[in-house]
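Note that the chains are named A, B, C and D in the order they appear, and that numbering of residues resets to 1 at the start of each chain.
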Amino acid sequence: MDFWESDDLAAHRDAARAWADANVRPEWAAEQVRTGCHQTPELHARLAGDGILGAGWPPEYGGTDVDLDFARAVFDELARRGVEADGWSTTSMVAHTILQVATEEQKHAYIPAVLRGEMLIALGYSEPDSGSDVAAAKTTAVRVPSDGTGAPPGGTGAGGTGASGTGASGDWVINGQKMFTSTAQLASHVFVLARTNPDVPKHKGLTLFLVPTASEGYACQPIYTLGGQVTNATFYAGVRVPDRARIGGVDEGWSVMKVALVYERGFGSSTSLEQTLARDLAAWARAARRPNGTAVFDDPLTAERIGRIAVDEEVTRVMSLRLGWLAQRGELPQIEGSMRKLFWTETIQRHYSDALDILGADGVLAPGAAAASGAPAGGEFEHDFRAAVVTTVYGGASEILREIIAERRLGLPRSRRA
Amino acid sequence: MNLDFTDEQRALRETLRDFFEKESPPAVVRAAEPLGFDAALWRTVAELGLPAIAIPEDHGGAGAGSVELAIAAELLGRSLAPVPLIEAATAGRLLASHAGGAVLEPLVAGERLATLALHPAVRDVARLVPAGAVADLVVVLREDALLLIEQPVKPGPAIPNLGAMPLADCPIPADLVVLARGPEAVAGYHLAVRQWRLLTAAALVGIASRALEIGLDYVLQRRAFGVLIASFQTIQHRLADNATAIDGARLLAYEAAWADDVQRPAAPSLAAMSFLFASETAFRTASESLHFHGGYGYTLEYDIQLYFRRAKAWPLVAGDRRAGYAELAHLLYDPPGPPDDRPGRKDDPPGPPVAHLPHDPPGPPVAHPPNDPPGPGEG
Amino acid sequence: MDFWESDDLAAHRDAARAWADANVRPEWAAEQVRTGCHQTPELHARLAGDGILGAGWPPEYGGTDVDLDFARAVFDELARRGVEADGWSTTSMVAHTILQVATEEQKHAYIPAVLRGEMLIALGYSEPDSGSDVAAAKTTAVRVPSDGTGAPPGGTGAGGTGASGTGASGDWVINGQKMFTSTAQLASHVFVLARTNPDVPKHKGLTLFLVPTASEGYACQPIYTLGGQVTNATFYAGVRVPDRARIGGVDEGWSVMKVALVYERGFGSSTSLEQTLARDLAAWARAARRPNGTAVFDDPLTAERIGRIAVDEEVTRVMSLRLGWLAQRGELPQIEGSMRKLFWTETIQRHYSDALDILGADGVLAPGAAAASGAPAGGEFEHDFRAAVVTTVYGGASEILREIIAERRLGLPRSRRA
Amino acid sequence: MNLDFTDEQRALRETLRDFFEKESPPAVVRAAEPLGFDAALWRTVAELGLPAIAIPEDHGGAGAGSVELAIAAELLGRSLAPVPLIEAATAGRLLASHAGGAVLEPLVAGERLATLALHPAVRDVARLVPAGAVADLVVVLREDALLLIEQPVKPGPAIPNLGAMPLADCPIPADLVVLARGPEAVAGYHLAVRQWRLLTAAALVGIASRALEIGLDYVLQRRAFGVLIASFQTIQHRLADNATAIDGARLLAYEAAWADDVQRPAAPSLAAMSFLFASETAFRTASESLHFHGGYGYTLEYDIQLYFRRAKAWPLVAGDRRAGYAELAHLLYDPPGPPDDRPGRKDDPPGPPVAHLPHDPPGPPVAHPPNDPPGPGEG
């Protein structure tokens, strides 16, 4: 038994910092805050160009020989500079899913394009009337004879690379609406969950499609959020895609979703989940002074909360380690991933609330306030407090995760009425 | 004991409830962001005489008390009205005791706006003053001197913040006015901060009540997994816990207001208690109601996020909640306080005689519609 | 609006203390701990003899002119001396219920005997297979022709006072078992919830009976508990009672229960619910010293928890005030009583856990440890920690109370499957 | 990284699991109350050599480490075995470093029982020593001296306590033995207390796991309102939260034990973390499982109360949990610690090369029966 991290990044930190110095423009972080879009196309192109996106992937699908730990160190460094890559996260989840469930032909068609940075994929699961109950999707896909004009599956970017048999099984026409299609404003594709059979129980009539955003009948509208991100509602009015855009079997979408959701819950993600709130708060509290001159950190009420955050962060870390270890053993850890996501998101919401309390009146200060009144960490705690709100909802609400644990780990009967 | 409002209080409540519902719907609240101040609404509030209702009649006010202000604060909280009524009313009462007619008259007339710094000034600045960005006058304590600052230029540079409060750092100019010095000045300032807290407690009760209703409305309309969200036991239990806490928070806020009006020895600790309990209740209620909305709760389009942000920010501007509990314990149990100094208990003059518990068969339980903000005793 | 307590006890405290000095033997508290029976017969006789039990009751049913506030001050004083009167609590609840739902004849038969201390009534609601789901009671009562030998309703103690028409409507034969019949070891009667109609929905076939414990076929077995109390299982094997032992209409037991449960949740109780944990902890913490000589109370982590307990205690107090006020107005506050009981019991469990933590290692010391190692307050905190465990179960489990609030205050649909 | 036990560890676990299940069923636990010590069971445990498994081989022990002791502690916790194995093993390791063969040999042979005082002695008494009522030897720190006390008369007067621990105040006689003095003595003592904490963390994981199972068994058998209690959503969600926390607590406890064995710089903070997290997890799990039992949970007849009391008492004897968090923060963030001193991270020598995340399709998820205590990595 040993708990050495497999992804020891220390050795790569300097190189990652150098890469970021050379490739990351300082204004990108502010630009992401301003636009609410947590993806920067120019950066993505550079990550692809230097083979960082392809690190750790099989060479036959475009994987590069860049060290995966270096790639992770780069994403850590980006996070440290306030530059997010949400679009890459969702793209990577879908690419992992494709690797697991798609045909060899599709893998060759899509994964290399993804790793070259030419495809950016948003998730189209939620709908206006179905969030947690994702299997209740009403968006439909109906099979029609191929009209021979169907765009190649890679859309404008991916080209027809290696794809063959176009239209062999007919096309699909998609109608409906998706909610919270984050990064759709930049995406080349949306991974759309659609109902292909309305006559069977809801989990049994679903199919997934990779829909090019260049398609006719597709539209995208912004949705503004509490954390500042701009997500989207996307609309599908008679959008036509060829059958090779279908990922997984017809009406087998639910088992594809199960794979995709394991990745969404943080398993196998190449972006960083390192938590540093306890350390950041401690740094602030050791520097900050009470009116009487003592360090805020010397107040046991402050230290106690920071200690508690540190414990929960370590529990999250060791739960993440377990995911990596199970991956090594070739498992797809659905229950363990649910546990980690549940524990992590429920605790960080408490942590950020505690963090603002520790800051006292300064805790209310938002980014932008720094110049006027010395907001701690430039208002980042306040921003993160707002952003944390959504974590217990996306990628499986806490209630759904508890249900998975209750039913599959503990063997409890279904609690919901059908 | 009588937990009913008086007829006058009831009339005030009904008037203000209609007023805030009509004049401060969510569209007005949103339009006033990020500053959190609607000048036109403030003029109307001032014309109603609200900032001066608790100023003594011989100073031109309406001579009412903290209970009446708490009624106004609760309704302000319900609608998140972007007007600094709590600050103005609190500062006004303090100035009525320490300033002359030249300062007070324009305040009572609603022509000028005064506010209170919640933290004593350090050197030459009063930091994070609520309504500091829009006030003509700021009252602040520096060491043992109660100072009055004129703000010729307003709004000053407002500081972006979580709660859409017109917050500012207010520099203390050389030509300040010293209202009072010494223990009396310090005591007056602390009384005002205490009153700000108990009124903010009432506002937080309003925030919590409305946040609960918004959550209820949502779960009673939306379906998931083929049933109303409202039928899930975990959601029901959390709503029930929040409704219980809100009843407690409301009773406590009005008890604190009453104790302030009749100058009970327990008034300081009750103000602290009501502020702490209402803070926790409002934040938990708003937070859980937001979560019940699923992804929609995170969007700016839905109103619940307006409540969520203010539930956290409005009390936080007074400082760390957790430190507040420790201070409360010392307030209660440091010598030489009597050990059970609670209102209506020993070392209080006994209240008027009240009938005992009835042994006659009572009527059926009275149902309260959930959307009707009741009197504090009625839950 | 004012928040003056109606039950200002201050004026009566000296008199109550003098009464207790004259009437309470110092060994009773220890005897209750030793036996686990929270009722002392000799004390009960004295309370009755001095008219304290009858304080506040209508004179026509044996009420006395003893001041109700004095009576409450006496019960407060008893609590302070560690002498409980649980048997009086349940008796008083049932007497209140009788006053509300029984016939004039029954009121005259039972209430005076109760106030004279001759009847002590235990609650027979729960069964081995039904606790929270009290309406699922399986104990049966079947009507049979009167055999003319039915004991008078008051049993051995209450005599046939004022009762007439004995056996006019036949007798009842009761079979079944009740759990948690606390104080049954001393009780003259058990207030038994029985099924009188098995052919209707469970809530509609119940009836309540006042069953003398002297009845043939009745038996009582002790149940030992975590808090040290000894409660009982009681058995009913063909127990025969006359029809006048029936309280409320046949098959109308559920509406009688609703009244009884409101009283059980603390409404109208004449015993004290004063909470003093914050004060008691503060007293301990101001006297206790850390190894470095500072008072434990000066540790912000200690003071913070005590402050939090004080807030919850005040919320409970003001919720109790509300119950008294609603009573003044002639209401039977089911929702408000549920809220108070829910809030009070859920918070005190946290409080006692916090209290032991504050005491540190000394927190584990149990009563009896005092001599050996200076247990704080003689181990009372530890004892109360254990005793608090049951509060969220008896008299309506928290889950049931939340359901009442959800359905009746908030108008939510029923969450349980029938 | 390898979260599996070694073959030897796995064999040890299986042996001990069978042993404790057979030798320490609830009847044995109850029979040993209130003292919390079963002399016959202790003899068997000693004969198995358990107290000496982590004592170096050149001192006659088995030369194993904290991970092996944690395995034993977890299983002891599961069965609430009334034997002071954690205390004896911890004191034995400390004595192996500071005492001679005359002291150590009878311990290794299982003829005598040593324990550790968790708090430094004040004047002439070591207070609330776990196993103090049944130990022949007590190790305690007084100022900077590590003392060994012989207890000729035992059991001393045991102190009744919540957790049925053989607790005693141990007087320090005049003829004490000074094992060591100065910084080395203090460091040795603190290392031992730290090891006691991480082993108690493992025991609490065992308590929590078994308390969860007892709760599961109950809710899967009993019905209310016409359905299995297990089908209520509020109960399911609390069980799921507890199962999650238990997985975390188990991982953390074994990480702390591993870090102790390989002397990671983070070992002290991990011991504190695992102790705190396991304490909270065990108490919440036992408390909620007890509540799921309804009135039966309060009766002595059901086993859950045995777990509830020990979940609270066993860690509490080391002091106030909340103060522990504050101490942890200082341990982590007071200079001169590196800011991210965590195991397996920078300033650690890198571990052996490990394969990266697989991109080949993995097999199906592995199901774990809920009643099987798995290895720490397996949840």
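Definition applied: a residue touches a chain if its C-beta (ideal position, glycine included) is under 8 Å from a C-beta of that chain, and two chains touch if they have at least 3 such contacts.
Keep in mind the model is a prediction, meaning the values are calculated, not measured.
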item: From chain D, the most remote chain by mean C-alpha position; value: B
item: Chain pair with more C-beta contacts, A-C versus C-D; value: C-D
item: Computed distance of Cα centres, chain B from chain A, in Å; value: 40
item: Length of the line joining the C-alpha centres of chain B and chain D, rounded to whole Å; value: 49
item: Distance from chain C to chain A - Cα centre to Cα centre, in angstrom; value: 55
item: Sequence positions of chain C contacting 2 or more other chains; value: 299-301, 304-305, 399, 415-417
item: Junction residues of chain B - those touching two or more other chains; value: 231-234, 237, 322-323, 326
item: Chain C partner contacts - residues on chain B that touch it in the complex; value: 1-6, 9, 67, 216, 219-220, 228, 230-233, 236-237, 239-241, 243-245, 247-249, 251-252, 254-255, 258-259, 262, 269-270, 273, 276-277, 322-330, 332-333, 339-340, 342-348, 350-352, 354-370, 376-377, 379
item: Sites on chain C touched by chain B in the complex; value: 1-6, 8-11, 13, 56-58, 68, 96, 99-100, 268, 276, 278-279, 282-283, 286, 297, 300, 302-308, 310-311, 314-319, 321-322, 324-328, 330-336, 339, 342-343, 399, 401-403, 405-406, 408-416
item: Sites on chain D touched by chain B in the complex; value: 232-234, 237
item: Residue ranges of chain A touching chain B (in the complex, touch as defined); value: 126, 129-133, 136, 179-180, 223-227, 291, 299, 301, 305, 349, 353, 356-369, 372-373, 375, 379, 382, 385-386, 389-390, 392-394, 397, 399, 415-418
item: Chain A contact footprint on chain B (complex, rising order); value: 118-120, 122, 127-128, 157, 159-163, 165, 167, 169, 222-227, 231-234, 283, 287, 290-291, 294-301, 305, 308-309, 312-313, 316-323, 326
